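Pasting the structures in now, so scroll down.
Shared between the two complexes below is chain A, which pairs with chain B and chain C, respectively.
And now, the complex of A and B:
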């Protein structure tokens, strides 16, 4: 029997008087407490671990969505399945935006491609799936292992399971499978929709993933978005140079006599509009494609464009968290980013250039911009 | 048949103009061609700003001057203590012009004079660091969009008037700014006066804006009004200059050559032209 970490369950600890967090002011309004809670939530989003951690940029993520009887429960509106699929669409878009050179494979829809639109279309079709029967963790995981074990060693192999039922019907011993997963370095994470299940706790602990149980729909979305960021690479994953092609976008104009319209390779999937004059030509075999990133079907070369790689750079060089200080210490009352007045309780300063920013700018800079507007005025940039 | 959309009272159009005022480049320019100087360029920008505000009452404007080491907001000014300058005597222009336009012009000219007098020039590079100005523009747009009343929508775009060459050091910051703009659906248009800029071409391509290198600098006002004044919905009805062909090939880290097939490190994403067992950036 493996040892469990000493972690007290909620009912084992003392009483927590959660009602004391909210305090009324003289007029009886809770506004100050609510603002305080919102402020803490905003700050939590910015507080992340910063450091030069090696991240797994090329990810193969296998998503398993439970389609058993418990998914028809209506505690998430309209029912758990529709809610999950809708959040999955947003997840897929965000995932491909942040990790342009990764793959997502969904056994519910069996659709393996780097193109997010196909995933979204397949997800929409899956809404009509009838939910019946019992889920089987063992079968889902063995299917995932079957595909993931052939993936090259330098990519990160991940499985994300959305499990709504409290039981699992396995044909064989799941603990053996967990040992296999650990040896293959597959990281399994589970998002539970009902309650904590012990086999999932063991599974995620052994393979190094995360296990969370949702509180409500917005918490579900937050948990899904946790998986968009690349996970730290395990120390034993091989680092190697992968051969990739950077095709040019060729647009032949209609007035050019020699321009010949041609079919693109996405015709093989059956959903291309037909002949076209423009496209990306693989530098090795000159097969034509309409979109990037894609793996060339003829010669197997991965085709990407430079901005796709540039999208992942901010994971490698994360922006430092800004230092917080009370607003009274600053004589200059304007935010250096947006030129607005500093009206929040605290002011955030960049540790390198000491410019001050308001809270909204701080959030915007850390979420979307990933660089300090004042630091990048200097010529020495990384 | 296309339907022409009229902007409603609830839709605000914000235009942020980023002007490159690198004094070294403009100084050399004044010696090369005396008919087109920085003041003429600013006149054209003011005409563009006035026209934008005159199109609809709800249009908004901001102008940023991008200097060698810093960027300054020329308009609007940070004057929240006093009223918004409408009671200022100097703004009552005798020629019956719409007061907001004359206030705008005066403020821009005044701030420009202040910047030119006060800023110290360090170094002698003629390359301007546009990424910082674009980042500040994005922060400003983000703030204004938070301050909207309920029910109002805002569409924003950034117009860059670029004079000097690109600075190759800021590629990564520039790309971060471009992706942030694309996420917020903000268009970046570019009007280039002298040398072609690969970074701005990529910015316009990724965000969906227009890139134009104007053949005659003295006609700047004409090009600004013809090409860059209409907003996104109206652009589909007009015949505008065709998009430039953007070279998206990557440059290898060892020789800075553009390559079509390369080797990418799986951990740090550096690009090399020849295979080697150990990545030189991260090992």
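And now, the complex of A and C:
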């Protein structure tokens, strides 16, 4: 959305020759054609995600961030690593916002909780990592396999790799490992920071993941956000009823004589110890936790709060895709979402209330709101 | 889909067509209509082969009397196989669409080595051995001897073919080499002779250049092909060199020594025969008196390395008396041999024309021109009479006699150079006599004269007007086609300076310059960090590559490169190179990434395709000029200037640029492919060099991509590679670079297509 101003700020862009980019735009060659293709891809993404498919709502996502020499490259500012980690923070937040009952596992931190704060903290720490040495896809993947292997069958097993290097030094044949991944139904997606690498193409194609290469930071962010949405569950994954606990938050006032400060069980992971009065108590074993969602350390029960489940709910009843039509057909030339003029070639209208939106609002509604603002607004008007 | 090409109905076996294919077919149709020759350039990967095949097959069906046969010449066996597979696809499409099986017979022909099914013979490793062994089993006199002595070994496949194979024509269909072998095994017929016989009535023949261009082979195989055939030379950018090679002879000291042994053997055999069967020699003598014409009527299996182009009138003359008897002829050979030996004993370089040589030989050893001319024929006749089974041993004496005939037949277009040592090792005596052809039109002239249409086509033929000049023919169409692209998938960059502003060039003066070598290394290092998977780097020669790589090693550049990618090197040794290639591909496949260092004009630059990830970038270090100090080249340049008014520099640049184009063209093998083309020499930026690149490369070189520094080119490459890595589907191409039938019929598209062909 705000791509243009961001690009304009790139005065330190060295040899990027912005004047040539402009020229190419005009003649409609390289950049224009590629952008056209990208526009189509954006559109396609919206269309695709709205089939009636079963989505895997409980996800186990294993994020691997390449920390090899090439991450020091400065084509993303200030360098690839910092930029990646910054975007990753946003990704983790967004991920847990939309998928509260899922897990992220990161090789840098290895925390099993679904707690976003810890990941963010771990990411901040990683900024200081010195990038050196050769990366190995094989080692990263086999590490991921070892962990994901034990995840229950009803959850999805995913690996997301942010790969900057163009080479991988593997101790063994990676194609064997790809076969293993395939048989374990692990989806591997890769985001490349420099260029298309063959082995990643094969890897993602075989395991059913996505492979994307970034153009710039904003595109990188877009690609990361793609992975927030849960993937369709494979037909063969088991269905099972899952026991969940909904602990209440108990607040004890200091004046209460019976209340005694106690430790939280999450302290076992080595989190900052602290005595507190309030917390969530597991309905099964009464272990205390300060934050949700979490898996109980004592009895293994998944503890969530009702709003968490509700947030996952929209995946089950996604908003219908809007219909696309050329701009000429519309008399009203303003978007119902942002109230701006409709500039694009096509307009998107909601199939139930027929209000029209521009491309960006369409994306926003489907990606973030998950409901049509006019439909909600509508009944009260009529 | 069904196309209407200028009124001709063409069946095209794909649902989509590239606009340039359509345009190509239009030009081709015009050429065939005019019954003339054509030069057509179209980038590789745009479906040249299928366009050619579908148009010509359609033409053959529409006008069966005007075009009876298509002769498709390709370079290597894998390429031949590819053509046959395309053809099979086309024919299946025909059968499916029209519902009738057509009676087209198409087949591939290759050497005995690739076609033999005899259990012992086919297990031999070298082509020459197979030929020799086959000959010893199937020659007419060997078979005649077998009548008296049935215990002699025989080839049952040939016997079977000879007995019945000729009466029953090969059923219509498409035969590649394996199909022929299968068919031969089933019937028990020799596939090689079957194929050679079948090409006479086949509609489409696919075989190697040499069957038409090399006069020694052409005489045997392609002699009886119909005049109203269409001949296509695919990948023909090197056709002049093939012509020249097929007419040139190199004689070393070793050849002469072996020849000496051959002559001794001949003498002994003659002695033996004289004691046992004097009548035979007498009969031969009589035959020779009657003239060569009759001697020439031999069975097709009596294949010695046959004579170079002998004008017909010579064949009708009688063999001169001086060499008519066997002993005299052997004596004559001996004399000739001694003379050659004495010539090779020189200590300085000699260059002379054919008439000068003839005069000298007459003065010194009294050998006349006339008997020399008959030398090749006479030797054949002798070998036949002596019933020598294994001709492979006699290759040296055959070579000498071929030389004798050539030198006395052609006074123009050839030069004779005797070098006492190689330029690089002036102390080691290694005398070589080069009798080299300088005029490629001599070998190809019969082809142009005999067949009604000859099409020369390749991905890189620019500048087009040079080929008609050096091959001496007048084309009716000359056209160059560009590649229509939905996205700019090739990115030519001319890197002229290093980061320290040192001019990059491989020219002779700066060849040893440390700064240039370092900057070249830097370029490769930087590129290895930003280009994924495979990079192919070409150098101008093996020597240059060795120097540079050694220097990089000392400077530690190689070590740094190896952190990003593995390094493989092409060597003159074929086995080593194919091993390196295999490992290179493996490294590209599993993500380690690799760099192949190879040489322009080498095996890699000519025949190996680097599709997709096998070649994401090609770096051309320097301008691949041919080694200009060679005397043969100098003589050829002189000849070109005198005869065709082509200036030396023009020809050298043309030759260098066509090889450079070949090299960089290795990376792009289709429209979904993409690759960087990096020309690392500042001379490429000059208009005379740039203007000689094919149009499909030239039009992507903008003024901004000339004379870049290493850093600039790295930035551009990064940008380009990211753009290209974005998802790209077939729908994106539709309408722009890929057309359906409906799109093809619209006015606008037709207008656009008209612009694709670039007439010269």
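Just so it is clear, the second predicted complex is superposed on the first by the 265 of 382 C-alpha atoms of A that agree within 3 Å, B and C clash if a C-alpha of one lies under 4 Å from a C-alpha of the other, contacts with A are read in each partner's own complex, and residues count from 1 in each chain.
In this section, a contact is a pair of C-beta atoms (placed from the backbone, for glycine too) under 8 Å apart; a residue touches a chain by one contact, two chains touch by 3 or more.
As the structure is a computational prediction, the values presented were derived from the model and not from experiment.
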Review point. So, does A:167 touch the first partner chain B, the second partner chain C, both, or neither?
Key: second
Point to revise | Broader residue contact with chain A after superposition on the shared chain, chain B or chain C | key: B
Review point. A:194 contacts which: chain B (first), chain C (second), both, neither?
Key: second
Review point. A:291 contacts which: chain B (first), chain C (second), both, neither?
Key: neither
Review point. In the superposed arrangement, which partner chain does A:222 touch: chain B (first), chain C (second), both, or neither?
Key: neither
Practice item. Using the touch definition from the top, say if A:214 reaches chain B (first), chain C (second), both or neither. Key: second
Practice item. Classify the contacts of A:176 with the two partner chains as first (chain B alone), second (chain C alone), both, or neither. Key: neither
Review point. Can you pull the chain A residues that chain B and chain C both touch?
Key: none
Exercise for review: Quick one: which bits of chain C touch chain A in the complex? Just the residue numbers, please.
Suggested key: 486-488, 529-533, 563-565, 588-593, 612-613, 616, 704, 711-712, 715-716, 718-719, 721-728, 732
Review point. In the complex formed with chain A, which residues of chain B make contact?
Key: 69-71, 73, 76, 78, 80, 123, 125, 129, 131-132, 135-136, 138-140, 142-143, 146, 167, 169-173, 175-177, 179-180, 183-184, 202, 206, 245-251, 259-269, 271-272, 275-277, 279, 282-283
Study note, to complete from the structure: chain B partner, complex, touching residues on chain A are 54-58, 97, 154-155, 233, 239-249, 251, 283-284, 301, 305-307, 309-314, 316-317, 334-341, 358, 360-361, 364-365, 368-371, 373-374, 376-382
Exercise for review: Under the touch definition given earlier, write down the residues of chain A that touch chain C in their complex.
Suggested key: 14-17, 20, 29-31, 33-34, 37-38, 40-41, 69-70, 75, 134, 137, 166-170, 173-175, 192, 194-200, 212-215
